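Sharing a structure below in structure tokens format, with a few things to ask.
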């Protein structure tokens, strides 16, 4: 009590130096076109995660046994996505250069672009695994190239054809879905083709980006653009497990919007998922 | 911006004349016995539907390619269900006489009676397919013959024995369930007998009425009388697909009550379902 | 209207004397460590249950045909769990001595300890079936022996090794899960081993305690410590049905926290579950 | 605990016979044109009133010392306002004939008409004091003569010109305000002319109807049609005090809509106001 | 019903050409640093305003008698405030050039800058009257020059020293308050110096910008950055009345954030205020 | 970002050693009889206070210029108020012995007792100034001596007759109000007698305890037991200013319950009040 008040996610209280995974928040939702609020995700997870045990009965592992550092939230300006992405890129580069794995908590999905930019600098051969309800492959949105609705298109600019593997997609404009067929791998509605993809990607550097609205609205209503017909928590957990066997070099979870779910169940799920991801990804 | 402000569901911006399907709202919930709010469904769907794409990856079809007109909400008096039903009947008759398909958005389930009255005038041989958690077969409710709890009984008055096919039913009084066994077809809890029914109804004129509380409360909490143990969104989608192969002459979706689900997920689901229904039913 | 205003759960309006099952509320949530509110469960169920029919299409039985008395809520002091447990124990003993089955509505899970103390006095050979997301087997919580997080450990103090059968468990500290393996039966995540347990327990006196957070957060967000990955309503219903074939001498449902689910769907589910439990357990 | 569960407002637990004031609920909001919910007022006040002391430091009196009976809520059908008003009239007549004072808790404002009909039968010379934000003097609303927006016009039908004294009015159509100037006394925005009115009405039989939206929206947001610019709680309390010196033969408070104020402050205020009214009016 | 569905604020259904005042929404809140949601203000006011009468008992005037056009909401990109301001400026210029008065509904306060840019082009001698809780005089906010927290500083860039008259200010950094003392007129906490200001500004072209958080949080909690200690609705109404006697050439109301006030009272107040402003400003 | 994540109230980031005032949270609401939630006050104020400036235009002072340390929240067990009070007493004693001023953020009002116990050990001649809606003078509540409803009676046990000065009281049982008249100074409804009290207490050691429900429910609905008819924010601010001229040795603010006010206005007010208190009390 006589030292300063520390506020960590899931009791991740190791130092930066000793940690292998660095968690941080990117509290930006400035291009959200419908219902903002994702900026509060990091803070909400930090405040609510104490209700979640550090031990996982799914994996019989405990966060207490692994070294993870929570760097808090970046201080990001609203109204300037280019600047936001630069700051994220810079911080992720620092983490990658220190030979650690960054795990970013969005914010809206656009923040992934900053982290992918950093990852692609360090790993020329980067692949992206993308869980989402929306394909996010528009070239622009209301004239803007930087948007939550264009983020995977911007990632494609960086990695090129067929380097992005999408799963769970169930929404998009006709044009972007059509474009996607010729440039990315898309598995609609579920994770059915994940095994095949995992075989392809064995040994390659992989960036995993999870837009949490891939989940069904019943388990995860607390998101800006809910889409009925999504996957269950257990399906997502299985998919994460499978992906964690690959060479994950960086990852993120985005689009939790805590104020949109007054029951708190969406934030609680995100905390639990984060625990499982940390325990799966940590080697 | 210099013309008047138009507010349409799902960008349904064709003219009345050129359209095949006419969507309209019947914002009445005056007999709701428990928690009102269904009156706001049309308005909420109109305001929220812009977050839903016009393209369906389920059907690879786009609303932009079909002709649907949104006529807005009827202006209905509260406190006088007889008058409300008359206005609905009159408007639906107009649509039917113009050789178009009316798609009414409730309101509480009682509004279906107005539309069925119109349909039965044009189609003597009318059958009704009814998706609902509640059988709605009471003869009266607290002494009133016109009520959300009696609506299918009143429809039976019009079409007679075994013309109504109910699915997903999981609530009712002992008396109404017992009565139902001798007068209507009831498939409890799910859509298991829908294939059989569809075979029977091939070529017949069918009115489809969907009380959205047929859905499980997990995906659709925003309804006046939620009942656990319902169907999933995908099950409902499959059922709608099957029914759409029949000769649907009129249809409705009722009992979305937006204020009861502050997450907005229920309204969002209704928007998406509406898109799928329009694309399935439109020939 | 000229007599006093009675407020009963599900129309359970028989007298104490003629009833076989006695329902009562234990509105205590004083040790809840995260989000309180379970104290309001009895009152909420009493107020909302009129939206649920007394007839069950699952069992083709009606509450009108059985004798159940609703004794209202105990008046319990906050800030003194020892006193709370004494009052509960005393009231449950009275019911058991009158050869009736007590069905207690929590409150937080700690209240079960009061009822188990009474049951174990009357049934030396008592077994406990425990549905929950959390194992609740800590020896203390922040130094306190009486807590919602220690309740099953305190029950174990009374009944001893392998008398407790847990189902649906998906959260716990490493220590308590480890301890549990040597002292209780635990079926993680689901009800898979319930058949086996039922065979073992045939004819034995059984106390059934249901922490409603065993349900998935999608169907039951209205609880203090939601845990994703739970069972569905129908899975719980099937499990209750199976258990009801045993010799249930007392039972409870706990941890509904109505203010945490503004949609009301959690309270509604609890009302319906209660109806089904009453109809299953009543012989 | 072995007797049936009684649920009274503010501990008003005397018998009907011995009581001078009879409180009852009229849970009807079927003509509410904007946001329903007033039907839950009686139930909410009954459930929340235990947080309010029975003692008033404003009057140095205690509800324990006076005889008030809470008759519960009338069971009213939705969708049939004529029938609703008949039931209210009948029950109020019974109370008046037993020489007691009825205090009705709405419900929407239309319910007052039922009670006024009864009062005017017993007191030919009846005057009405009306606190409200809205003048409610329309002759019809969307064609309906029975509506929350026409209730004072219907009362005028019964009592005639200048028998109604309105206070706090700050909303109305031009037509109804204009009509009102020639048929009723209207004090806009506040209670400034209440002293004068009280002098005029000394000794006359008075019906007091309080639409709680006369209060400012800051203290009373929980109402169907909130209007900024209203009176404070203390101003309303003073006005009630002044009116209570007259010969009040019947009274009501209407338009609390508990679900519209999730903080509960509106319901809490209504409970406290009800205590003060009971203590002021009881002689 | 056979024509397209029009959705206007307060029934403002005149054509653009015949109208003197043009209302439009600027649904942008992209630089909001705390709690977004102001983007929904125009839509909410449009949907809720039908619960407000068109007649004002304060002024004995009716909106039906004046010519106001509601142009709907501009379609603005998120993530690019410079582009947003350009669009607003362009639309306001069009209105001014047509010799009409633009009344913009924010959005966050930054949108005022777009309208002031247009106004200052047409009126070199422009003065600004500014009602707000916050002085908004920072030179940058987290490095950004365009922000809701810098908007009045940017306006000062355009109009120069002592052309801005602030009222109701009760929050700011030490630096901006200090800077303000040498460059603008600031009346802290209330409108005490409004009479003096009105005398000074008689005959000059005035832009009126109302950040609604100038109101006390009790009457207006639905705003992004609530500040206790504000003015009442009636005080604001009086201030608007006084200002309306000046030569208002353009005006706005900003910072209503409907989702932050679930009671709806904040939106309702904004609708009523808008009616009064229209009736006061219209000559 | 490479150091641990600090979470302070209002940027109070000085060290313990250099600080004169020590802020800390006592997150206990275990005896709350009605609606719990005050446990979240410290955490909410910490998270929301960044929306409040550190500069006060009321005092022309800035928190940046004074030395205040935020010690975070104590870790308190639920279900054991005696233990809770011991921990609070111990921590407050430590602060007092280090010649600093403790400012405790409740939690429910009972937590004040722990701090008063510490204060009375160091200041035999202690007086208490008490702002509250409730007199809190019961000797027990449902049999319990330690309760939010008995806290001032327990304080009286420590300081004796007429050492407690209550202001703003507007609720209590007849017995406790009657008892209070012979043992404490009570100023009902407002602060009218504060000047007189301040004269009496000049130079004496004073403990100031503020139950925030002394505020009117319009500005402060976010509290467990709201009572209409309270003081305004500005009245409270003036009262705090006056009291701050005395010799305040310790103080607290209690009974903010953030989840009960979804608009966030109550938490925001508490943050602002805290800033003003710190600036007033700091010498």
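Just so it is clear, A, B, C, D, E and F label the chains in written order, and each chain counts residues from 1 on its own.
Following the convention adopted for this analysis, contacts are C-beta pairs under 8 Å (C-beta built on N, C-alpha and C of every residue); 3 or more make two chains touch, one makes a residue touch a chain.
It should be emphasised that the depicted structure is a prediction, and the values quoted were computed from it without experimental measurement.
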Chain B to chain F, fewest steps along touching chains: 2
Chain located farthest away, centre of chain D as origin (C-alpha): A
Same-site or different-site touching of chain A by its copy chain F, using the half cut: same
Cα-centroid distance, chain C relative to chain F, in whole angstrom: 38
Junction residues of chain D - those touching two or more other chains: 33, 35, 216, 218-219, 262-263
Set of all touching chain pairs, with the criterion as stated earlier: A-B, A-C, A-E, A-F, B-C, B-D, B-E, C-D, C-F, D-E, D-F, E-F
Touching residues on chain D, where the partner in the complex is chain B: 29-33, 35-37, 39, 75-81, 83, 110, 141-144, 146-147, 259
Complex interface listing, chain F residues touching chain E: 50-55, 57-58, 62, 216, 218-219, 233-234, 237, 262-265, 268-269, 272-273
In the complex with chain D, residue positions of chain C that touch it: 1-8, 13, 16, 24, 43, 46-47, 70-74, 91, 262
For the chain B and chain C complex, residues of the former touching the latter: 33-35, 169-174, 177, 188-189, 216-219, 221-222, 225-229, 260-263
